[in-house]
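When the chains are written out, they are named A, B and C in that same order, and each has its own residue count from 1.
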Amino acid sequence: MKSISKIPALDVSHLTVLYNNNPVLVDFSVTVPQGVMLGIIGPNGAGKTTLIKAILNLIPVAAGVVHILGTTINNARNQITYVPQRSSVDWDFPVTVFDMVLMGCYGKLGWFKRPGKREHEAVYESLAAVGLELYAHKPINTLSGGQQQRAFLARALMQDAQIYFLDEPFAGVDITTEKIIITLFKKLRDEGKTIIVVHHDLFTASSYFDYVMLLNKTCIVCGPVGEVLTSSYLDRAYGASFAPRTWNVAQQTRDQL
Amino acid sequence: MITMLQLEIGFIAILASITCCLPGVFLVLRGVAMMSDAISHAILLGIVVMFLFIQDLTSPLLIIGASCAGVLTVLCTEMIIRSKRLKQDAAIGLVFPLFFSVGVILVSQYARNVHLDSDMVLLGELAFAPFNRLFLAGFDCGPCALWVIGTALLINGAFIALFYKELLITTFDPTLATMTAFSPAVFYYALMMMTSITAVATFDAVGSIMVVALMITPPATAYLLTHRVSDMLFMSILVAALSAIFGYAAASWADVSIAGSIASMTGVFFLMALFLSKNKKIMRKS
Amino acid sequence: MMLSWLNIDYTLLLVLQGAALLGITAGALGSFALLRQQSLLGDAISHAALPGIVLMFLCTHSKNPWVLLCGGAIAGVVGVLSMNYLCARTTLKKDAILGIILSVFFGLGLVLMTVAQKVPTSNQAILNKFLFGNVATLLPEDIVVIATIALLIFAVLVLCWKECTVYVFDPVFTHTLGLRPVIIETVLTVLLVLAIVIGLQTVGVVLMSTMLIAPAAAARQWTTRLVHMVGLAAFFGGCAALAGVYVSGVVDHVPTGPAIVVAASGIVLFSLLCAPQRGVA
């Protein structure tokens, strides 16, 4: 394992985000070390996607400070990559998988310059890493949901970032894709990168991630999976409607699989 | 036997078609195709206002006035959309008729005797274009329209060539663009500026309706037939040029409106693409 | 009397009546178009009507505007059907489809117009009027026709009120209620085409979209209940039409169509700026 710097990957202090004057995130504070696979969990409407967008300065913030790798988002931009939900893009757009993945290198190239042989080779490598080599020159509207997610990941790999933010990458994907994604995440983490994932499913979190953040408008807890996924924290995140017994049964079933 | 005059008209028509379809590709891809309709109507106001200041119908300043009107239209539309009080289609449908109406009223009040009427803005007059010639140091350099449209074509072509990847990424995935420090807003307004300049440069010869037809229909035709934006650009240029050639030929033969004929011809090519792409199963599965 | 004090003669009175009827009808119908995000559909349909008008002229050589407008209505319906077909069968987005139908149909209309110019009995002026509208030629018989169409539109709206409202808010839910969305869609589209047919006489092709959208957009800012919105939109539409026609009639060199548009836009601007805060659209 590569030695990891002590600077936290993410340091959020007292973040507050409003939508139409309604608080979505309130006084949110958390510190995430580098080199972990972090799953962000919470009930629907808890502010998971909003948190990511606020951290990345994609939506306005009412209060609070965010540091990424010890500096501001603008300085850290070339160290970050963000993979949004699949619905954020028009899959009828006339580009091939190759074209789409190639876009991942545009940031590094900067203005005016064109992608060259090196970038083209990097695309093929990224596609191979996600198992989409055979689809390189197919239009993106021929991809299945899982393949779309993998294409998004290949594009993210092109950016060669330190921190990966992903929004529900496992939602609605097939088993093959799921396995590919997990293998990729583990490889990246072993290289010292940080993976931060908004995850849609509480019950699979313990098997995917080594760190978990529970949130519901504010940060309930963030830490290694075993310490965090206890009933007291889960109650606070999911409210009184949460049934601990269901959780234990699910936990056992998952462990058996 | 084709006369020199016919050649000149044909050439102007082809140039105009290609100039229009270039920004049109990105308008269609962004889903704001109707902005071409909005801008090409709203420029009347810019032309009239500038004319009232300088009292000169042939000045290139008119182009600047018209371009400003185009960008102003976009700004006002965006302002309304951002206020969240109305959606995009309503905002577009409100702003440009207002600008156009004010333009028409100003013409009726102050510029009645001038050859500047709303008919002209809408319909243009390609057949008369070659008679307005550019004289430099005594040399006949050809029709004015050729130079004006040619310049616009150069601007459009250069912009797309220089900023192809920026245009691509800001159109396809604005979030990724923002993350990689390419501003989607900058390129949106740049595209609108390009559209305004194009509409202004071409409307005198071909009128707003042909501008709209050429900005939207050849790119839409290409969209049905291609899978990549670069192919879509080349196909649009081809379809636009062919529409101009065949449209003009048909208009000459039948002695009908040239602009209308070219606009209709874009429709013919679109229908052909519709039929062809059915065989390729490009169509959405119903 | 009062009318002569206001400088209103008999012709102007006719025009006021016609315009008011249009304003009220278009305003009411426009509410539905606005809420279904079909604001530019009115623009497209009115442009698409041109070839129908000219073809009707070429076939019948009639100078009666209503005969010609029948052709326009048919062309408008063909335009809408084409749009629906393209929407269902291709991945093209709505805006591109609107633009294609608008410009290609209108281009065809231009071609036919130049054909019509060669016909000995043609009257270019009549056809030109459809481009920019010209209420100055309204006759009492025309008012009767306009009023009849307006009445028809309102009657249908009142009869099918609940179907229309449900469909506008939630087409999918409408289906689960056992109502056929396609039928309601067709009804609303036909009403829209009828309103446009009236509108082509007053404001012309270019400015028709404003007549549909502006009153509704203004009304939207003041209320969230559909029935109030429709009523308010009708009211605003009527006011804008009256104001525009009046100014155009008494002030020299102010064309009618643009005057109405400016009045309607003024109402929208006032509403956008001054209406009390309401919920997100």
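Everything below uses one rule, namely that a contact is a pair of C-beta atoms (placed from the backbone, for glycine too) under 8 Å apart; a residue touches a chain by one contact, two chains touch by 3 or more.
Please read all numbers here as calculations on a predicted model, not as lab measurements.
J.: Closest chain to the protein CA centroid?
T.: B
J.: Which chain's mean C-alpha position is the greatest distance from chain B's?
T.: Most remote chain from chain B, centroid-wise, comes out as A.
J.: If you average the Cα atoms of chain B and of chain C to get two centres, how far apart are those centres in Å?
T.: The mean C-alpha positions of chain B and chain C differ by 26 Å.
J.: Nearest whole angstrom, what separates the Cα centre of chain A from the Cα centre of chain B?
T.: Computed value for the inter-centroid distance: 42 Å.
J.: Please tell me the distance, in whole Å, between the geometric centres of chain A and chain C computed from their C-alpha atoms.
T.: 49
J.: Which positions in chain B are in touch with at least two other chains?
T.: 223, 284
J.: Could you pull out the residues of chain C that touch at least 2 other chains?
T.: 91, 280 - these are the residues of chain C that touch more than one other chain.
J.: At least two partner chains per residue is the criterion; list those residues in chain A.
T.: Residue numbers touching two or more other chains: 92.
J.: Can you list the residues on chain B that touch chain A in the complex?
T.: Contacts found on chain B: 29, 162-163, 165-166, 168-169, 172-173, 175-176, 178-182, 223, 226-229, 231-232, 284.
J.: Under the definition above, what is the set of chain A residues touching chain B in their complex?
T.: Counting only chain A, the residues touching chain B are 56, 58, 77, 80-82, 84, 88-90, 92-96, 99-100, 103, 106-107, 109, 111-112, 114-115, 139, 155, 159.
J.: For the complex, which residues does chain B have touching chain C?
T.: 28, 31-34, 36-37, 41, 80, 83-87, 89-90, 92-94, 97-98, 100-102, 104-105, 108-109, 112, 118-119, 122-123, 209-210, 212-213, 215-217, 219-220, 223-224, 251, 254-257, 259-264, 266-267, 270, 274, 277, 282-284, 286
J.: Spell out the part of chain C that touches chain B in their complex, as residue ranges.
T.: 34, 37-40, 42-43, 86, 88-93, 95-100, 102-115, 118, 128, 131-132, 206-207, 209-210, 213-214, 217, 220-221, 253-255, 257-259, 261-262, 265, 268, 272, 280-281
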